[in-house]
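Chain naming follows the written order as A, B, C and D, and within any one chain the residues start at number 1.
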């Protein structure tokens, strides 16, 4: 430990994240290349005779399937250096443009989903944990059961029941076909289409966080300071917010960090069932048409996003524990 | 103030029975006895939240009402300062936040002067109010716990081994602080130290 | 405490009522008098211009709404679209097209013989993935409305394969475009077709078309066509979210047969689901073992159970039994395990060590059976049937693209896959010939393939034979060879079906031999001309 | 053995019930071949028959007896879960132990990989694996282990670092004990945490299996519950004529029962 003191922690963190960055660039490079078969074989569809030569050239120039592996990687790095993610030959559009087009919808669905589900989960979990005589444990069963239902199944059932049978919500898509961003009522239309997928997403995400905060609450509840707060007559709401939630927060933040990372693709099942035009749908399309540059781009962007999110959460957690509190006055 | 008759505590391998107690308002009662004789058990059973044993008694009245029926409401009347109070403070809150929440919970307003006087008596500096528990020494924590107990102005103050983490000098401060409270508040203090009790208490009950 | 609970309850009530208000708002439909037809589409099919659209069936069909070809097909068969009529020279080398008068592009520019010539010239420079034009020597403008196309050598399927597939491009736009595969400007969509693209959203994959009021072939019966992906077409159709479901599974469609206001239509079978065998495996290269396999597979049961009857049992000659080219005298290979076992024993594929798997020349008959993840049921049945004659198969499923890719690269032992372009002219048999020019890529397996000189000679002759009767004779002989040799095993021919709401629009049909090169959907643009709008 | 019984006796009643359910699952899994009325590969029955005395849960589209498939699923799913749970709990613990014992560069490297795992959205990796992995039971188990060891590793590492600081271990280390001695000394500390993780990872494995089945990873012909659920979902007329009651609901209930009992058994422990 003593030898390390020379390197400042900030520098060490930066180095660490730099290595992470390299690692994910390598992953995004290597994974698509592990797929068996010649990439060119896939491009001709069911009825087509052959792949247009200009598409092949464009593809070859970026992806360079014939070069040795190391040179392909160098080329990839060089392209990334120019912020060039390549050209999707399925969509005939720059990869970056397609990814951000889809990312927009994914985040519209999953960020509110994440916020609502986390809020709701903490609310439920803490209440369960603080309920007298372990009565909270009775809620555990429905939560666990909900968690065990596969998301795609839940989404499909909700779609049939609420979307098609009861007609409470629009059953699929992100907006009514034909309505564009400039038409009146666009925002409302998007909101309406968002509701059902969002509800399913929230229901599928609540149990795990709720159970986590329930378990954490049970542990914190045994702490002397919670009992003492009661002895002091501190109100129940304050005990919950200031004593329990504040102390389970580090664990919740850890969980939240993971959930936020999953945000980009976690809604995949929901997206697939509701034909929601997010990143998951795009990735599915990209893999099924073997749009290599697009696959590579999606991998890179989502992993980059993962690294950024965990960097952010790590720094939040660090500042959190630093002010906390563990410092002795004479240190 | 407090009446307790025929109290017994049943653990799986052990049964403890206690002498009857009748404590009048304003009294300072000491409970003495060797370690392990059940002082803490009794206090936990009467006013604690984490008691894990079977408690039975003929009568247990707090201000004329059955203490077992009072539930959480009993903390409106009494303050309980548990043993080993090192972990009794929330690591995520400053002392001032503790103080504010305690006052809020008991419907009291923030009286700067009164608080300073109390702190002064416990030989705690006002600047410590902005510290987190981890930044305080063991004795400071113990005194803060006592301070919080006192600040809510209970009718009955119950202390369990306030001396456990204290050196002789702070002990003296606490004794003088408690003696000052005498008359205004009923105090029950459990300690294994006969010397401490005989200095402060009006009446000593030995187990 | 009480007030907090109360406020929370109030908040909840507020939220619920907001949601309900929102939802009830959604019931209010725009009551404009526009005749909007809504159909489903299987995901994104790319930017719908000629060179950029997806290389799958829907991709071409959607493009064809905006671009016309010289000839086209409806439910009855071939018809002249941009051509008024055409003639073929006696040597089969020169096709003369007389163009329809008064045809204009969407931007008002007249369509002339010059555009046709330009299209042939342009596709020579920029090969078009849907059809090769390499056999065209030259296209010549005779006058404003007459164009001559001269071929290098006779190519019998020229009309169906080229004239019926190649969209006519506007010269005044594409003359400036150096690389059409990345040309995605609005102008790239200017054609002569019945619809014009109003919007395309690559994110949501929603295509919106408006009618071309000046369409040359007749009045378009709708004002707007909306194509959007739909994950549950049946429910969407019943709920009125879409008016016609093109991409419905046969079984799903069939379940709507007796539903009020719904019309169920069944298409001709122009696809084939077949077994590919890798001839690098010694045992699979043995004709008798292939015949044994053919006897061992109960194709009728596969059709009944795995695809719920939505197919016709495969024939050994690789020609559809309903086709006029079909030779009914080929070997039928009815399900017969005893015969299959006899064949195996005769050729020396016997289980010598009692592990349930036969050996052939010292090699265990243990293979991997590759199939699409959509065909797991067929796969399971095949594994079962092959097991019965001592051929052990380990199933391996992957997505469609992987399966097609592995087949094209020859990375398989036994594979099961489906492909289209299996109707009309039997030129698709090219995929069995040594020279596979003219066959679609997906139908030609890589690696070591079956090769047969007799077949090659007969098939090559059939492509040049102009006499229909003689050609039919040649094709019949080809089938006999295929049925005897079994280079591939047609398991079944899938049938497509669609359902539409007849209170909105009436007159959808499946195109004879599929749209253009055999696309089995109801997306034919001429439905929109001949059909009738029913809604009010 | 009597020790174990005493421990079970001390559990709250709902946990005892969970144990009972799990024992039943295991028993059915072991007895399934004897109890199954038909072979899981037998598709000779008429397709889509509603439940009858001959076919307790009817038949599916191919003509399998659904009740037999369900029983068969017990074998696949319970054993997959047990093996995958055991492997991932053990792998996570072992790596955590190495990490905590060796410290330094090895710890940094292992921790780096674990963090990387948490940063890469796992569904993306699953989708790629689905494309290139050969589907068989072994790969399913490997995929499950691959995705689930990290959580065990992280929590175990923290706990072990605490343990290694305590006196007993310091004592062994001072006696120049090797890594095995330390492992032996810590064994009793680790065992209860490991067993909780084992149960938890079994639970995760069941849930992963259904998800992986959705993506088509795994032996396509192994009739696991995940595959059964997917087959039911793919059946177009599932919601008509109450078909879902015998096609979708039984495997779903089986999964729910297993997952919930496993989770309840360790609730409040990890």
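What we mean here is this: a residue touches a chain if its C-beta (ideal position, glycine included) is under 8 Å from a C-beta of that chain, and two chains touch if they have at least 3 such contacts.
This structure is a prediction, so every number in the text was calculated from the model and none was measured.
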| item | value |
| --- | --- |
| Chain pair, most C-beta pairs within the contact cut-off | A-C |
| Core chain by centroid distance, with centroids computed from Cα atoms only | A |
| Chain B and chain D: spacing of chain centres that average the CA atoms, whole Å | 50 |
| Geometric centre distance via CA averages, chain C-chain B, whole Å | 85 |
| Length of the line joining the C-alpha centres of chain A and chain B, rounded to whole Å | 50 |
| Between chain D and chain A, distance of the C-alpha-averaged centres to the nearest whole Å | 24 |
| Residue numbers of chain B (touch at least two other chains) | none |
| Per-residue overlap in chain C, given as positions that touch at least 2 other chains | 399, 402 |
| Residues of chain D touching at least two other chains | 131-132 |
| Listing of all chain pairs that touch each other, if any do | A-B, A-C, A-D, C-D |
| Chain B residues touching chain A - in the complex, by the definition given at the top | 47-50, 72, 75-76, 79-82, 84-85, 87-93, 97, 101-102, 104-106, 131-137, 145, 148-149, 152 |
| Complex contacts: residues of chain A adjacent to chain C | 35-38, 41-55, 58, 87, 90-93, 98, 101-102, 104-105, 156, 159-160, 163-165, 167-175, 177-178, 180, 188, 191-192, 195, 236-237, 272-275, 277, 285, 287-290 |
| Contact set on chain A toward chain B in their complex | 222-225, 227-235, 238, 242-243, 246-247, 323-329 |
| Complex contact set, residues of chain C against chain D | 234, 249, 251-252, 255, 304-306, 308, 373, 376-377, 379-381, 383-384, 394-399, 402 |
| Complex interface listing, chain A residues touching chain D | 16, 19-20, 23-24, 27, 31-32, 34-36, 137, 140-141, 144-145, 147-150, 152-153, 156, 160, 211, 215, 218, 258, 261-262, 264-266, 268-269, 280, 283-284, 287, 298-299, 302-303, 306-307, 309-310 |
